[in-house]
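Okay, handing you the structure first.
Letters A, B, C and D mark the chains as written, and numbering starts fresh at 1 in each.
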Amino acid sequence: MKKFILLFSALTMIFGLVSCGTEDTTTATTSSFDQTSLIKVYTRDTTSGTREAFFKGIGFSDAVEDNALLVSGYIEVDGNGSMISSVEGDEYGIGYISLSSLEDSGLTGLSFEGVEATEANVLNDTYNLKRPFMYMTRSDWTGMETEEAIVEAFVAYMSTVDGKATIANNSGILETSTSDQLWDDIKDNYDVCSLNNENVTIRFGGSTSVEKIAKALSAEFSAKCGNFIADHNHTGSGDAYKRVQGSESDGANYLHIGFASRSFSTETEVGADGTYGQMCWDAVVVVVNADNNVITNITAEQVKKIYAGEITTWSQLA
Amino acid sequence: MENAFTINQLNLKYGEKKALDQITMDIPKNQITALIGPSGCGKSTLLRTLNRMNDLIDNVRIDGDIRYEEQDIFAKEYDVINLRTKVGMVFQKPNPFPMSIFDNIAYGPRCQGIKDRKVLQEIVERSLINAALYDEVKDRLKESAKELSGGQQQRLCIARAIAMEPDVILMDEPTSALDPIATAKIEDLILELKKKYTIVIVTHNMQQAARISDNTAFLLMGELIEYDKTDIIFSNPKETKTEEYITGRFG
Amino acid sequence: MKSRKRFITDKIYQSLITLISLIGLVILIAVFVFVFNKGSSLLSWDLLTGDYYSTVYDGYYDSELTTNLFVAPDDLDSDTYFSTRWGIALKDDLDREGHDYILIVYVDTESPLANLPDKNNEGEMVYMASGQSLDKIIFSDNTIMLSSKGAEAAISQFESATGIKDIMFTTAGKGIRGSLITTMYLIILTLIVALPIGILTAIYLHEFAPKNNKLVNILRRMVEMLTGVPSIIFGLLGAAVFIPIVSTVTGTEGGNLISGSLTLAVIILPVIISSTEETLKTIPDEYRQASLALGATKSQTTFKVILKSSAPGILSAVLLSIGRIIGESAALIYAIGTSIKDEIIVTERSTSLAVHIWSVMSGETPNFELASAISIIILLVVFVMNLSVKMIVKKISY
Amino acid sequence: MKFPIFKIWDVKKKNRFFDKLTYTGLLIPTILSASFVVLIILFITERGVAPFLPSQYGDLSVNFLRFMTGTTWYISPNIYGIFFIVINTLYVVFLSALLAVPVSVFTALFIAKMTPKPISGFFQTVVELLAAIPSIVFGVFGLGVITDVVKKIATVFGMQTAGGISALSTVLVLAIMIMPTVTLLSITAIKAVNRDMENNSLALGATKIQTLFKVTLVSAKSGIFAGIILGIGRALGEATAVSMVAGNAGTGPDFNIFNTTRTLTSTMLLGLKETTGLDYDIRFSVGVVLIIVIIVTNLLLNAAKKRIGKFS
C-alpha cells in the first residue's frame, strides 16, 4: 500500500513538472483592447544582430548593449521565433522582428515614420529601419594569388542572378534587374574556377548576422569553383575591416573576405578602392499583436520612448 | 648434526613493544622444528624473522643475529631476495594468487627468469607430485586456484613454495584453517617433505607438534622457555611453565 | 495525550522526509522524460553517421522533356506536393538545426532529375534522391525557384518549366558523425595518456612510497587538490599550456584533439588515481607476503600479482573516466574549441558531442531537438558506465 | 633429485636493477601528477595578469582597481568590473545551497535510516545517477524546463523574467547539481553514526524521528558539513549549465531573483569567440578570481566546520 502511495505521488509530481514545461502559454484573447493597459516591451538579447539594427535604427544606440537603459519590466527573448510567439500571446506587447518573417507571423507590422515595411520601400530608401550588409576583401594579396582569384570570382558571383538568388533565399533584401548576368555567362572570365581548388582555404569572417548568407554563398560557390575549402569564423562586424585590411590583417586571425552588418566607418575603416561593397539590405519591423487597434504607424521617437519607459500605456499613443 | 639456522641473542621490538627477548637456539637441518606457545608469545614473529618477512612491517627494530648457512642474514650486503628463495614460507590461511593453478606454481620460477615452457611444466608437475596434489588437479591446471578446496589450496601453497627448490620451509600454522581430514593430509605431506627439506612449523595444536616434529621450542611472552627434543618436551619438560602449558593449565 | 501528539508529529515528519526524498527521483525522471520527449524523434542512424556539412550538388537539364506524366506514389502525405511533369515530390520541413528547408520526399526512378549531368564536372552525373534538400533552381527562362518560398511554389514552378539551367540540391547535413568520432578519439587518447600515469602514481603512493614521509605527503596532497579544481579551470590550463605546446610541435593553430585529450587526461587523473588506490587497499596483504616469500622482488610482486588483482578497480576507473570524458563540456570549450568538423584530424580543430550541444544551444535560436538527441546518447553512455561500475564494485569480494 | 639449479646470479642482478628502476620510474609519474596543480596556478595567473599590463595591451590595458571594484561588465567597449560578478556568484551559490541542503539531508536520512534495503538501494542509485548527469545535459534541461517553471513562478508573483532566464533558474539548476554530492556524503556520515547511541536514545523513550534529528543528525553534522563544503565548491565552479540559464546581466550586484544574473563561470564562457586578444585573456583573470574565491570560501567554511565540530 505504502509503495503505491509513493509511486502515485512520484508520478503526479513528474507530470506536474513536465506539463509545466510543455503547457502552452497562450491565453484566450478578448476582443476588447484596453488602451489604458501598460505596454509590455519585448526585446532580443544583447548578442542579437537584429537588436543592434533595431536600436541603432531608432536612434537609441546606447541600448544595444545595455539592458539597464530599458524600461523596467521589459522581457528578453532569445530568437525571432520566440519574439513572434511572445507578442502573439500578449495583446499589449510590442517587439521587433526581421522583415522576412513578418508575412507568416500573424502579427501586425507597423509602418515606420509613415512608411510601410516592404522590400520595395527598403530598396527605394524610404523605409529607414534597415541596415546594409557589406563585404570587404583584402588589398594585400602577397603570396596568395590563388586565393585572390577565387575571392575575386566570389565577389563577382554575389552580383549574378545565381548569387543574388541565394542571398534573397537567406532573407537578404536586394534589387534584381533583368540586366543581371548568369554565372554561366561570366564564369569563363574566372579561370581559377575551372581548376581543382580542393587544397585552397578561403577564410570568411566578420559579422555574425551575415554568417548565414555568407555560408550559403560559400557552400554553393565552392561547388562551382573547384571545391575550395570555406573556413568561416564570424566574430562580429568590427573584425571585418580589422582582419582584412586593418591591424590584424597579418595576424593569426587574418581573413580573405570579411562581412559587416553596418556601413564601414568612413573614418576608421577605410578600405582600398574597389575592395568593398554592399551585398544587400536587412530590415527590421516593429510588431504588435493582431488585436491591437491603437496604431498602425510609429515614429522613431515613439519607439525610443516606449523602450526607455517614457511612454508606458497604449493610450499615450492613441 | 648440521644446523640450518643459528640464532643468537635475538631481540625484536615493534616500536616500543618487545616481541622477542634474547632468543638463542639452533635449528637443525632436515628435521622438523615446532614452535609452540600461547597467542602473542612471539612464535610467529620468530618464524617470520627467519626469512626476514618482518622487514615489511614499519617500526621493527632487531638486534642480535641469525646465521643461515653460516651467514648473518641481517648483514647489510646480505641479499634478502636470495634468502627468501632459499627459505620458503607457507602461511596460516591458504593464499593462492588469483591465477590458474599452473601460474601459481610457476610464479616463483618465472620471477627468477625462467621462461622455457617445458622447464616450467616440469617444475609445476614435480612440485605438485611432491605436494601430493598432482593426481587431484592434473586435468585442470589452467583453472583458477581459487576454485580448489581449502586443504587443496594449502597443498598448492606448499607446492608453490617447493617449486623454488628451497632448503627450508617455514610454516605458519598451516592447518589452523583446515578441517581434520585436510589437516591429516597436510601432516602426512610434512613428514614426507622432511626427507628433503628443513621444516620450521608454528602450531597451536600440541598434538600436531607431538605427532610430527623432532624438536619443539616453547615460547612465552617473547622468551624462549624451553627447547629440546619433542619427546622430552612432551613427556618430561624441565620447566614448570612448559608443563603447565602442555597439560592445558593455561594458554 | 502527549504521546499521541508525539505520534502525530512523528508521522508528519516521516511523510515529509519521504516526500522530499522523492525530489531526486522526480528530477531524474523529468530529465529523462524531457530529453527523450524532445530528442527521440531526431535520433536515428542517419543522425549518427551523417556529415555535419551538406554536400552541394549542382546539375542542369537541357534535353527535351518527355510528355509522359508521372504518377504520384500512393503513400504521400497531404502536405507533400508532387510534380507530374518531373516526377518529384517535395515538402516543407525543418532541418536538424530548426531551419526551414524543402525536403525531397520522392524522386521517380524515371525522372530526369534522378540523373542529371554535373554542371561543374563535364561527363559526370549528379543524382537527386529522397532525403536531400532542394535549394535553388534557375529554369531555362531565367525564372528562379527559391527554397524560402516553400514547396508548393516550387512544384508549381516545376509544372510550367521546360528545362533547367542550374539546380542545386544538398545532402541533409547536420549529422553528428564528426563529433561522435572526435569523442571516441578523445576517449582513447585521453585514456592512453592518463591510465599509465594515474595507475603508476597510485602504485607509487600506495605500494612504494615511504610512509609518513613529508615529501610524499605533499605530493599526495597536490594530487588530491586536483579533485577540487573546477573543470573550466582545467580548460584554461589546456588553453594556456597544452594548445601552445601542441601548436609548436605540429605547427597547427588553435585547439585540437591532442590538447583536448591532454586536458581531459589531467581531469580524469584524480579519478584514476583514487579508484586504483581504493582497489589496492582491498587487495589482501597475504598476496604481497606470499609473493615476497617466494623470493620475488617488490616490483615483481607489484606488477605480476597486485596489478593483476586490481584489474576490476582499474576497469571501473576506465568506465567512470569514459563517462566523464563524454560529458565534459566547459573544459573542452577552451581546450579543443567549438568548431564542428566532418573530417577528423588529431592535430586540427573539431569538437566533442557535449560541446556540439553547447554550440547548437548557444546560437541565436537554441535547438532543443538536436541538443536533446545528443543528450540521450550521452546520458545512456554515462548511465551504462556508472551502473556497470556499481556491478563491478559489488562483484569484487576478496 | 633436485632440479638443475637456476642461473640465479644473473637473474638476480637483473631483478635488482629493475627493482631500483621501478622505484625511480614510479616517482616520475607521481611528480607529474602532482605538478599539474602548480602548472594550473602558474600559467593561468601568468595569462590572467596580462590584461592589466600596459606593456601587453597598451592603452587598452585594464585598471586593476576598477576591475576589482567595478559594477559593470561589457565585452565592448571593454569595461570589465568583476566585483558585482563575485557578489552575484556568491549570492546565487548561497541560495542554491540553502535549497539543496535540507533536501539532501532529508534524502540521506531517508536512504540511510528509514527504508529497507532494496528501496534505499534504489534511491541511492537514483542519487548516484543524478550525480553522473553531465553539466551540459542539465543545461539543456534547465533551458527547456526550469526556465519555463521559473517563468510561471514569476507570473504568480506578478514579476516578469527574460523568458525564465534568471538568477532563480541558476539557483535551481545549481541546487539540483549539488544535491547528489551533499546527499551521498551525508549518507556516509549518517551511516557512520554509532548505532549504540541511537539505541540508547530509543531506549530512553525517544521516538525514531526524535532520535534521527536529535542524535543521528547531531552526531553526523561534521560529515554532513563536509558534504556541504564540497557541494558549494562544485557550485562555485560549475560552468556550462549555469551559463545557459544565467543570462548575461551587464551590471550589478542584483539581488532580485527574477532578473538575469552573471556568475564568474558564465562570464568565462559567454561570448567566447576569439582565442586571442584582451577579451580572451580577461577570462583568465576571471579564472584567477574564481580560484581565489573557491579557496577563500573553502577556508572559511572549513574554519566554520571546525567550530561546529567542537560542540559535538
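Methods note: a residue touches a chain if its C-beta (ideal position, glycine included) is under 8 Å from a C-beta of that chain, and two chains touch if they have at least 3 such contacts.
Please read these numbers as outputs of a predicted model, since none were measured by experiment.
Chemist: If every chain is reduced to the average of its C-alpha atoms, which one ends up farthest from chain C?
Modeler: B
Chemist: Would you mind telling me which chain pair, B-D or B-C, is linked by more contacting C-beta pairs?
Modeler: Most contacts of the two pairs: B-C.
Chemist: Roughly how far is chain B from chain D, going centre to centre by Cα mean, in whole Å?
Modeler: 54
Chemist: How far is the middle of chain B from the middle of chain C, if each middle is the mean of its Cα atoms, in Å?
Modeler: Roughly 59 Å, centre to centre.
Chemist: Measuring from the mean C-alpha position of chain A to the mean C-alpha position of chain D, what distance in angstrom results?
Modeler: The computed centroid separation for chain A versus chain D comes out at 38 Å.
Chemist: Distance-wise, how many Å sit between the C-alpha centres of chain A and chain C, to the nearest whole number?
Modeler: Here the centre of chain C sits 30 Å away from the centre of chain A.
Chemist: Specify, in ascending order, the residues of chain D that touch 2 or more different other chains.
Modeler: 15-16, 144-145
Chemist: Give me the residues of chain A that touch two or more other chains.
Modeler: 17-18, 21, 47, 78, 82, 252
Chemist: Could you pull out the residues of chain B that touch at least 2 other chains?
Modeler: Each of 81-82, 85, 111-112 in chain B touches at least two other chains.
Chemist: What pattern do the touching chains form: line, ring, star, complete or other?
Modeler: Shape = other; not a path, cycle, star or full graph.
Chemist: So, with touch as defined above, which chain pairs make the list?
Modeler: A-C, A-D, B-C, B-D, C-D
Chemist: Any idea which chain B residues touch chain D in the complex?
Modeler: Touching chain D from chain B are residues 79, 81-82, 85, 109, 111-114, 122-123, 126, 165, 196.
Chemist: Contact residues on chain C for chain B in the complex?
Modeler: 211, 284, 286-297, 300, 304-305, 308-309
Chemist: Touching residues of chain A toward chain D in the complex: what are they?
Modeler: Touching chain D from chain A are residues 17-18, 20-21, 25, 40, 45-47, 65-68, 73-78, 82, 86, 234-236, 238, 251-253.
Chemist: Can you check the complex and tell me which residues of chain D touch chain B?
Modeler: These residues of chain D touch chain B: 1-3, 5-8, 10-12, 14-16.
Chemist: Note which residues of chain D are touching chain C in the complex, please.
Modeler: Listed in rising order, the residues are 15-16, 18-19, 21-23, 25-27, 29-40, 43-44, 46-47, 102-103, 106-107, 109-111, 114, 123, 125-130, 132-141, 143-145, 176, 179-180, 183, 207-210, 213, 233-234, 236-240, 244, 265, 268-270, 272, 275, 283-284, 287, 290-291, 294, 298.
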